[in-house]
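Inspection log for the structure reproduced underneath, given as structure tokens.
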Amino acid sequence: MAGNSFGTIFKLTTFGESHGIALGGIIDGCPAGIELDFDFIQEELNRRKPGQSRITTQRKENDEVEFLSGIFEGKTTGTPIGFIIKNTNEKSKDYNHIKDSFRPSHADFTYEAKYGHRDYRGGGRSSARETACRVVGGAIAKQILIQKGISVQAYVSQVGPLKLKSHYSDLNLKVTYSNSVRCPDEKMADEMFEYIDQIRKDGDTIGGTTTCVIKGCPIGLGNPVFDRLEADLAKAMLSINASKGFEIGSGFSGTLLKGSEHNDEFYVENNIVKTKTNNSGGIQGGISNGEDIYFNVAFKPVATIMKTQTSIDKNYNEVTIDGKGRHDPCVLPRAVAIVESMAALVILDHLLLNQSSKI
Amino acid sequence: MAGNSFGTIFKLTTFGESHGIALGGIIDGCPAGIELDFDFIQEELNRRKPGQSRITTQRKENDEVEFLSGIFEGKTTGTPIGFIIKNTNEKSKDYNHIKDSFRPSHADFTYEAKYGHRDYRGGGRSSARETACRVVGGAIAKQILIQKGISVQAYVSQVGPLKLKSHYSDLNLKVTYSNSVRCPDEKMADEMFEYIDQIRKDGDTIGGTTTCVIKGCPIGLGNPVFDRLEADLAKAMLSINASKGFEIGSGFSGTLLKGSEHNDEFYVENNIVKTKTNNSGGIQGGISNGEDIYFNVAFKPVATIMKTQTSIDKNYNEVTIDGKGRHDPCVLPRAVAIVESMAALVILDHLLLNQSSKI
Amino acid sequence: MAGNSFGTIFKLTTFGESHGIALGGIIDGCPAGIELDFDFIQEELNRRKPGQSRITTQRKENDEVEFLSGIFEGKTTGTPIGFIIKNTNEKSKDYNHIKDSFRPSHADFTYEAKYGHRDYRGGGRSSARETACRVVGGAIAKQILIQKGISVQAYVSQVGPLKLKSHYSDLNLKVTYSNSVRCPDEKMADEMFEYIDQIRKDGDTIGGTTTCVIKGCPIGLGNPVFDRLEADLAKAMLSINASKGFEIGSGFSGTLLKGSEHNDEFYVENNIVKTKTNNSGGIQGGISNGEDIYFNVAFKPVATIMKTQTSIDKNYNEVTIDGKGRHDPCVLPRAVAIVESMAALVILDHLLLNQSSKI
Amino acid sequence: MAGNSFGTIFKLTTFGESHGIALGGIIDGCPAGIELDFDFIQEELNRRKPGQSRITTQRKENDEVEFLSGIFEGKTTGTPIGFIIKNTNEKSKDYNHIKDSFRPSHADFTYEAKYGHRDYRGGGRSSARETACRVVGGAIAKQILIQKGISVQAYVSQVGPLKLKSHYSDLNLKVTYSNSVRCPDEKMADEMFEYIDQIRKDGDTIGGTTTCVIKGCPIGLGNPVFDRLEADLAKAMLSINASKGFEIGSGFSGTLLKGSEHNDEFYVENNIVKTKTNNSGGIQGGISNGEDIYFNVAFKPVATIMKTQTSIDKNYNEVTIDGKGRHDPCVLPRAVAIVESMAALVILDHLLLNQSSKI
């Protein structure tokens, strides 16, 4: 109810503030007997980790995850997996200036109004640092999905005005992680890097879009009516810090099409049902149809800028807020790992849930 | 788990197929002592009802709701409100031709694959007829919200290539229901009507966008991390038939902005905290900040077209499917009531939930 | 949250007041393709139905269930099963005398205090009439369980001072329904009948105990820690009107035993793991071990008696309440079907849930 | 779903195995601004802690809880409270003998059957060591309840054949913790101590009963039908290791009474509605009525005995199991703190939930 759990069968519950002792979480409902690749989990965390290039925040965090339970002799036991990630590089005094003030477009004001008492240091619970725990959950989910032939891959498809023209199927998604922007088109990646770097030098920030593709998803995941697969993906994506939009398949551009253009006709190939086009984005009637699932997620520019802004303090006095702390000029490169993690959590949860729909 | 319930405190559970005996639902968690305006509920249903003009499906349904419990002497008792809407105008034989075939971009195939046994008549559970029950729930939610000074208003902001240029704040939303398109700009409404009518004559369908505005939402609704208010709104909207996208506040266009342009600076007016701009869309850190909440929902063109399409049957033979049955050339005019209903359900649920977050 | 849903995967949500238009419910999560025996469902309802002999209430209700959705051509479709049971024999004017007064040991006072506005007729939602919907859900659950070789059988093991001495395994449970008391020992059944009939003539009521036995439950149902199988059974049983206690396996009498007496030693027979004794009641560590699951449920005497009692009214004045209306002198005979239904709901839900615990 | 979460609004999720690195948990939904008394939490943990006298297990655990989040400047922030308790005194080699064997009446067999891979050391997740996390949650819940004038007090009312005759209202519950048995009758406490000590010397174990009394509970907590307050208490109690039964108010002995004896007549004193007797145990129609809530919980004798027993191993061979490890001869003295914790979690959760039932 209080919003720190995600999923029904494979359920991740997280805790932790940006500048507290540790972040952490509990994964409940992980099937037993899964042999975990801990290096893979750490690599996934590293992909989200700050301080990877000059276009991400310079906060240095090892983001080393310690597993405390639920794993025995390297394999999951079916009991809850508890884990923590200690905070090591917090610089709380950077935040004294916003102890009593509300930064524009941050959660300072709404947290204060809702809770009355907040850990202001580094944004506390509202900091994107929290997403590290999502990546731990996602990295375990991904390992199970891979065994089932399901892959989840995201990439940066737009940064400010720079937008990839190619459809995901015309891109080599494997090169996504060869550059620090996480764009599968090398040339565009270079342009985006330069653009973000200039934004950074200007003390400003910029938004963008992530595209995510899920391949190998079996037919039948998702439910009619309220818990459609795309509805759960939408919730997952809009739960990520700074995200502002979600579109699946043809999305907003599909609103311009006629039914005769948009409909995906069925055919059979090698005894497998396929569709000639995939405007549906792999989901029909809320249920996966075996085609690729793909969607876009919009991210706004990071709210913390290295410029002076006006705002108010707790006593409703007007104040001036200067940019301080270590922040990302563009959240997109680091968002890729988070989008993938949330998508993996949704798909695995529906995979397990679907097993309980038959007898 | 099986996807037919929505909400946590104020929870709507629905049932019913397009051509079954009746649709219906249970509203659990409605506060006691609410004096219900039954005419209002029926009006809301009428706004979603088919057969209202020549640009909506000609199926004639009275959509009369009967309440069976939870109400005593005109007021809610706090116990579950059961209701049914009988189906009266079904023409099931219209659907014999798709008994064994899968219509393109419909749920026929995915339901068959997931369940093995389906009520094909009129699309069964996958028909948008199901949304009538959402409107019943939404109409009750709205009545409670209105008492709290919260209004939920949606309108058609785009139909195919025809797009309203004005911001919602420059429109007179009260005129929305004066035309059958449900567009608050009369001139644009006429254009949209003609456009949809031409699409209908062509036997085709068209997509579009709905904009929804929530005014008067108190500060503090929503939760950090996974159950952000916008995440729950996104899920609600993507759970509606034919919806393909959701964006809140600046949405996808916000990805083009810099932080210095996007940030909403705080100020105080009459002792109320406000923001100079509202790119956040009324939600910051997942929690409402007192500003208007507004968002767009994208709808694809209706899948049923009056044209011949190729597809496959249950035995994987190629078949030809002709358009039959009574369907909407454009779902947008009827979607307005559904979008409002789902938004009202989310806001009321969070309002009640928020009451349990304090002691 | 508001307490009208039961189960997680196979979920029953109910509505309806004693003297309203109809009772009903929605079963969500029922697997598709189950061929339903509607006569069986009605027989189960008949077993709970009032007016079966002179030792049950003389209210005559047909308790005919109408299914409105989720079933097509006699088989479940995986979509929600909506059903209603119309009230036909309500005599609401019997209850005018308690409109403003609180009957002792009834829910009149607590409902008034919690909700402020209540349907007092026949006890409204607090009437045991609500349990008819549980029996509908249970009857469907039972049919699925039977296909899996799982049987759920309850019987009256005690009425006031009359207590069956025999262990369930020494009784022929099949004769339970040959008498109106629902006691598998014919001689004891006669004694109980005479005893209850005398209680009835005295205008009084009496409590008792139901024993329930589940055979054929597979190994592995239930979860560690909070959702132990016995914990969910306990909740199910204590949710039944007038129930006051639950004990599984050795129960309260097991508190007198030493570990060396109580422990169930394992052995293997025909390659199946068994225990020499079954003090555990078929559940160890919260998880079924393949042995019979058995438990007792205590029921208090029905609160409505045909005697004059003192109480208070809404204005806190002392009042005298005379016994009126039609009520059971002993709830036990009719409770048997309800106990079985709730047990079936728990077991089926865990059966389905267990399917989602593996990959 | 996987059973490691408890509660809806105030929700405790736990993890940890007996001999793993650490136990821990997350409390989600704790209201903000609660000033926590950390000494009180530690005292509560000490009451459950092993090694307190010669009649409890000699395993020495400090059971020191470390809070990692959700608390700032000594007060809760409304964000999730993460905590861990490190295991320090595990002697895993004590358990090598049962690595491949199933101890009678333990969870070894059912865990192996359900999960296929288990942490056998000290019983892993099935060990009662897990209950330390419940006490952390309960200790925080209690602090909030105390502010609301609600107290939760349990005591040992029976050990094997030794049973307290007095009703709880005739006992001085404050002396409960003056003895290591946790019995409020000093003389009986001495007898119980001697009895348990003899059982211990015999290498055996013994069961017993805990009584719990909740005073000051406001009217209106609990829900009709499935989530009755007593149903949630029953589930809470049956979720505790080794518990076998639950009875509220008159409980099983109430089955012997007639309605005219059992009914609790209302009267008014100082403008407060009271009942002359309290056979209902403070709950009517599933909802608290303002009287004391009281119930009994039955605990079986601990399964681990210092005697030789026969059993089977993984390969279904008959084996002999000798008693080893450090265990309690009687779980009752330590169960008192756990029963109180679970009761506090239920009451606080319903208190918060009840706030969302009104508008």
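Going in written order, the chains are labelled A, B, C and D, and every chain counts its residues from 1.
The rule is short, and it goes like this: contacts are C-beta pairs under 8 Å (C-beta built on N, C-alpha and C of every residue); 3 or more make two chains touch, one makes a residue touch a chain.
Note that the coordinates shown come from a computational prediction; the quantities given were computed from them, not determined experimentally.
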item	value
Higher-contact pair (C-beta pairs counted), C-D versus B-C	C-D
Fraction-based call for chain D against chain A, same above half, different below	same
Rounded Å distance between chain B and chain D, as computed from the means of their C-alpha atoms	46
Inter-chain centre distance, chain B versus chain C - centres from mean C-alpha coordinates, in Å	39
Averaged-CA centre spacing for the pair chain D and chain C, given as whole angstrom	26
Shared-contact residues (touching 2 or more other chains) in chain C	1-5, 8-9, 14, 29, 32, 78-79, 114, 125, 224, 353, 356-357
For the chain D and chain A complex, residues of the former touching the latter	1-5, 8-9, 11, 13-17, 20-26, 28-29, 32-33, 66-70, 72-73, 75-82, 84, 114-119, 124-125
Chain D partner contacts - residues on chain B that touch it in the complex	9, 29, 31-32, 34, 78-79, 144, 147-148, 224, 351-353, 355-359
Complex interface listing, chain C residues touching chain D	1-6, 8, 14, 102, 104-107, 109-111, 113-114, 125-126, 130, 158, 160-161, 199, 204-209, 219-220, 222-228, 230-239, 244-252, 254-268, 271, 273, 275, 279-281, 283-289, 296, 298-305, 307, 309-312, 316, 318, 353-354, 356-357
